[in-house]
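Next come two complexes, and both contain subunit A; in the first it sits with subunit B, in the second with subunit C.
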Partner chain A sequence: MLGDIINPYHLQIVSFILINIILGISIYITLSSGQLSLGNAGFMGIGAYTSALLTINFDLPIFLGIILGAVVAGVFGILIGIPALRLSGVYLAIATLGFGEVIRVIFVNWDSITQGSIGLSGIPHLGRELFKTFKLTGFDPDMLGLKNNQFIYLLVVLILLLVNILLVWFFIRQNKSRVGRAFAAIKMDEKAAESMGINITYYKVLSFTQGAILAGFAGALYAHVMAYISPADFAYHRAIDILIFSIFGGSELIWGAIFGATFMTILPEALRFISDYRYMIYGVILIAMMAFRPQGIIDVSLLKWFKRKLKLKRRGSLGIGTKKYN
Partner chain B sequence: MVLELKNITKNFGGISALTDVSFQINEGEIFGLIGPNGAGKTTLFNVITNMFSPTSGEISFLGEKISGLKPHKITDKGICRTFQNIRLFSQMSVLENVLVGGHCRSKSGVIKSVLRTKSQRKEETNSHDVALELLELVGLSKFQDSIAENLAYGQQRRLEIARALASNPKLLLLDEPAAGMNETETESLFDLIKKVQKRGVTVLLIEHDMPFVMKLCDRITVLNFGKKLAEGTPAEIQNNQEVIEAYLGAEEDDEIA
Partner chain C sequence: MLLEQIINGITLGSIYAIVALGFTLVFGVLGIINMAHGEIFMIGAFIGVLITSVLGLPLWIAFIAAIGVTVILGYMLERIALRPLRGKQGVSHLAPLISTIGVSILLENLSHHIFGAGNHPFRHSFAQIQFQIGSITVYLVQILIFVISITLMVVLSYWLSKTKAGKALRATAENLETASLLGVNTKRTITTTVILASALGGIAGILVGMAFNSVNPQMGLSMGLKGLAIIILGGMGNVKGAMAGGLLLGLAETMIVAYGDSGYRDAVAFITIIFILLLRPQGIFGKNTAEAGR
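After this line comes the complex of A and B, so read on.
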């Protein structure tokens, strides 16, 4: 029975994974034009607080709150992205890290609105709100053999999964187009890209802003999945976590960010049984990784190898050739 | 007249890299720019493409003032260049490099690219066709899927030319295209540049290989210490006393005697 397999704890972890994947993609997309931003925790916080405050204080529907959270983060992305054009490499990393801290300190000190370091509680929960709508239509989770709680968490996971699939689809298509090629060209050689007629100002701000929108979007989802947020959720350790998703998984490909976010979210949970040592193991894995595979687990050649295998298999079983340009 | 430089001066701090350089390039010409090392030839390229803006002077392209425009706008107008120290997108495939060159000749933005609208697909097919045709021209068709940095040196130089041609330029700037090439490679480069000229592209090139320049160019300008020393046909330049002195050094009077 479905009800026996589904464990709310596991579902909760899956929803964290799915939110972290969005965060991983958010840094992948800024990295894809060669910009190392550590401000994504700040953008995440902006998205989370915007949506939480709007839904709590103005009874805005959750989905509208989430979209506005992403939009506001995007506006900040443009505002930060334009002056950030003057910086690159570690200088950009430090400047954006500073931005994230400024945002966090604003959340801490703007007591009247953000309730300071106590944080915001009572944020409408994505699953529960949806569940209410379902109930109005006369639906009862019992019909699926599920308890209310199980059904709520399942709903959240399904929505996040759908969002993830859409985002991956979006960015894979973008990556394979003229826009993606412009990002890659800027990453590899900015001067040459400019000489080839690419408006680097536009594309760098575009990729930075896309990253900010995604981080804000993930933050808003986080707020409505947790139902509670505080400034500590968006401190610089979050910025580093997000960076690790992409660096560990491989920053050349979107699959790297997806793999990294999944692995790095499961790891601390899977190692729970050795509680005291788990972050030590986490650290050792990172060090080993940087020493033996600095480009990240998933890189272009691994993907090519994988595709070749798949192609051979398909050819073998069906006897069809593959098209060249897709 | 394709390109006109009027009294171009470029100073870096107290050092004058270019002083009062003027010349004109006619349509369909292969125009050579020569001079000893440090004469300011590459600086002049950077000034034309506005990677550096000139301290004073004016540049017009097809009768339109272009000094002050951003580099990508200048490419859009129809001037594209190659680099002395090859600057390919080294981890991209050969084909992708040429596709990037066609960037300013296509328009699809994020939305169209993601939705793969009809116009976007048409544009992509078109860019692919142009890129494949250019790879054919430079003789790199069979390497289209190779990674650019794995190509041999001479092939990388040819790929840079194909990438620049993808922007459909009216004026192509080549910065030492024959550098580091052996004789056979230089010969096929010669044929390639002639073919480019036949396509109606005007060429301005910097080159140190004198036999190559003399054979290829219609007219030549000589720079020395940032100043224009001479201008003329290859035959005129070869017999110009000042040019010979700049390259070989002046002989002292008493030695002649």
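After this line comes the complex of A and C, so read on.
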């Protein structure tokens, strides 16, 4: 039954999707206050290396490592976010891109700790460590009709899913709160927002730091799901990938980032049969998107249309609806 | 030793300067960061390899071919990735950045597919000619690169400041709408700018192939990022600034490799731009305006 449906390869892809969704949200949240950061790959690297090094060298529990990874990335976020207030638009994009490159070069060259471009291996795997604890309590995956391998990957997916649901819930709440409205106001017009009494410095640094924390968090999760990281994982290409999640899906709404991350993770897997050409197709998609639908696939009007459709359907099934208006 | 390093630095810096000129022209006129510029540069280098090493034709044909191909690429970039976005309602100012990123991914993987991932040597007897002046060795290629880049710069500044087309370009850079009201064919001017920038990238590509004797599909990315760093260093849209910034970065990188830790060579550019952006966002040669960095 369950054992026949579950395929570790598919589970692995699902866990990548879930990590990428966190990354997508991380750039969405900085974009929601009108700042474009291309440094999220760097923050992700900081989170990943912090957590990996702490768990390898000091035998810290994985959960503590992941949290510390996010915290350290957040501290860097504040350190970069405050001086970056002076910049906006493409200037901010380039400065953060530069930050990401500097971080990568440091990872490559700090041999004694990061093992340079070879990368860190033997990072404790989230699923396997949890599995050990489960084993201690006398649990056996056979009881669910699962093999050990399937169970491990299933655990990872479940944990990531839980984390994702919590994060999405949190940020949807935040968007409707004072903070979210302040972000939106700053994005629309900084000067007008300031004259309405919004503390621009505070909210801009807040959104930048939130993005950094999320990216670091996703990076730490990535390290413990992959069990191997190298500086190349956090290079320019990753920064572009993260940007594309939000831009392709739609940068106005959190659903855009989620959709973009999901679609852009599945696409290369689905296009595997023409794998030689898949990045070229990727490039063409970007160009076409910007020409025909620059706001991204999911925007406010699409969401409204969708909601109206849904409402009409519900009305129809309840026996009210079109007749009522005749 | 020091003198040799300075010559190496100037050679590298001249190439950087040509790449940065392409960036700065497009930014000056369109206000767009052309992320595909590095890849166009890389294609230029590959055309050079193809003509001289594979077909065995002389160098000047390689130059003409590289310029021809990059001009076509520049035109296509303008038509496919930039023009559809211009003047459209509700397009964020980041859209052109992203569509040029799309072009760069496409070109990088295309050349990866055609030429393979490895390094291609630029076999040409010309690259081996060298002089012995006192205790230092100077390659003819280094002199050639320096002369070509200086010539390009002089011609470009003359063209920009004296000719009608150059004036039209500067007017468009100043204000697109006003320029078009005053009778400047802004559409054509923009196309010319992108094509010119791409041709500069193609020339720089061949020069890099000659100077460093290796060409690979990944070189566009690192060169593109450095070009970005240089235009920030010299001031966005500033032609002289791009030149000086290029030379400065070339010298700094060479000195780091010679007297410091070569591993940090690629970080020099970015540490510099982070500091420049924070201390003097308008760049070393930029004018001080309230809008700098915004």
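Assume the second predicted complex is superposed on the first by the 314 of 326 C-alpha atoms of A that agree within 3 Å, B and C clash if a C-alpha of one lies under 4 Å from a C-alpha of the other, contacts with A are read in each partner's own complex, and residues count from 1 in each chain.
Methods note: a residue touches a chain if its C-beta (ideal position, glycine included) is under 8 Å from a C-beta of that chain, and two chains touch if they have at least 3 such contacts.
Small disclaimer: the values here were computed from a predicted structure and weren't measured.
In the superposed model, A:98 lies in contact with subunit C only, and not with subunit B.
When both complexes are overlaid on chain A, the residue A:88 reaches subunit C alone and has no touch with subunit B. Applying the stated contact rule after C-alpha superposition, one finds that A:174 touches subunit B and leaves subunit C untouched. By the touch criterion defined above, A:138 reaches neither subunit B nor subunit C.
Shared-chain residue A:284: touches subunit C; no touch with subunit B. Those residues of subunit B whose C-beta lies close enough to touch subunit A in the complex are 49, 51, 70-72, 75-76, 80-81, 83, 87-92, 96, 99-101, 103-106, 108-110, 113-114, 116, 120, 123-124, 127-128, 163-164, 167.
Considering their complex, residues 36, 83, 86-91, 93-95, 97-99, 101-102, 105-106, 108-109, 236, 240, 243-244, 247, 251, 276-277, 279-280, 282-287, 289-292, 294-295 of subunit A touch subunit C. Within the complex formed with subunit B, the subunit A residues making contact are 170, 173-174, 177-182, 184-185, 188-189, 191-200, 206, 300, 325.
Contact residues on subunit C toward subunit A in their complex (touch as defined above): 33, 80-81, 84-85, 88, 90-99, 101-110, 113, 221, 225, 228-229, 232, 261, 263-264, 266-267, 269-271, 273-274, 277-278, 281, 293-294.
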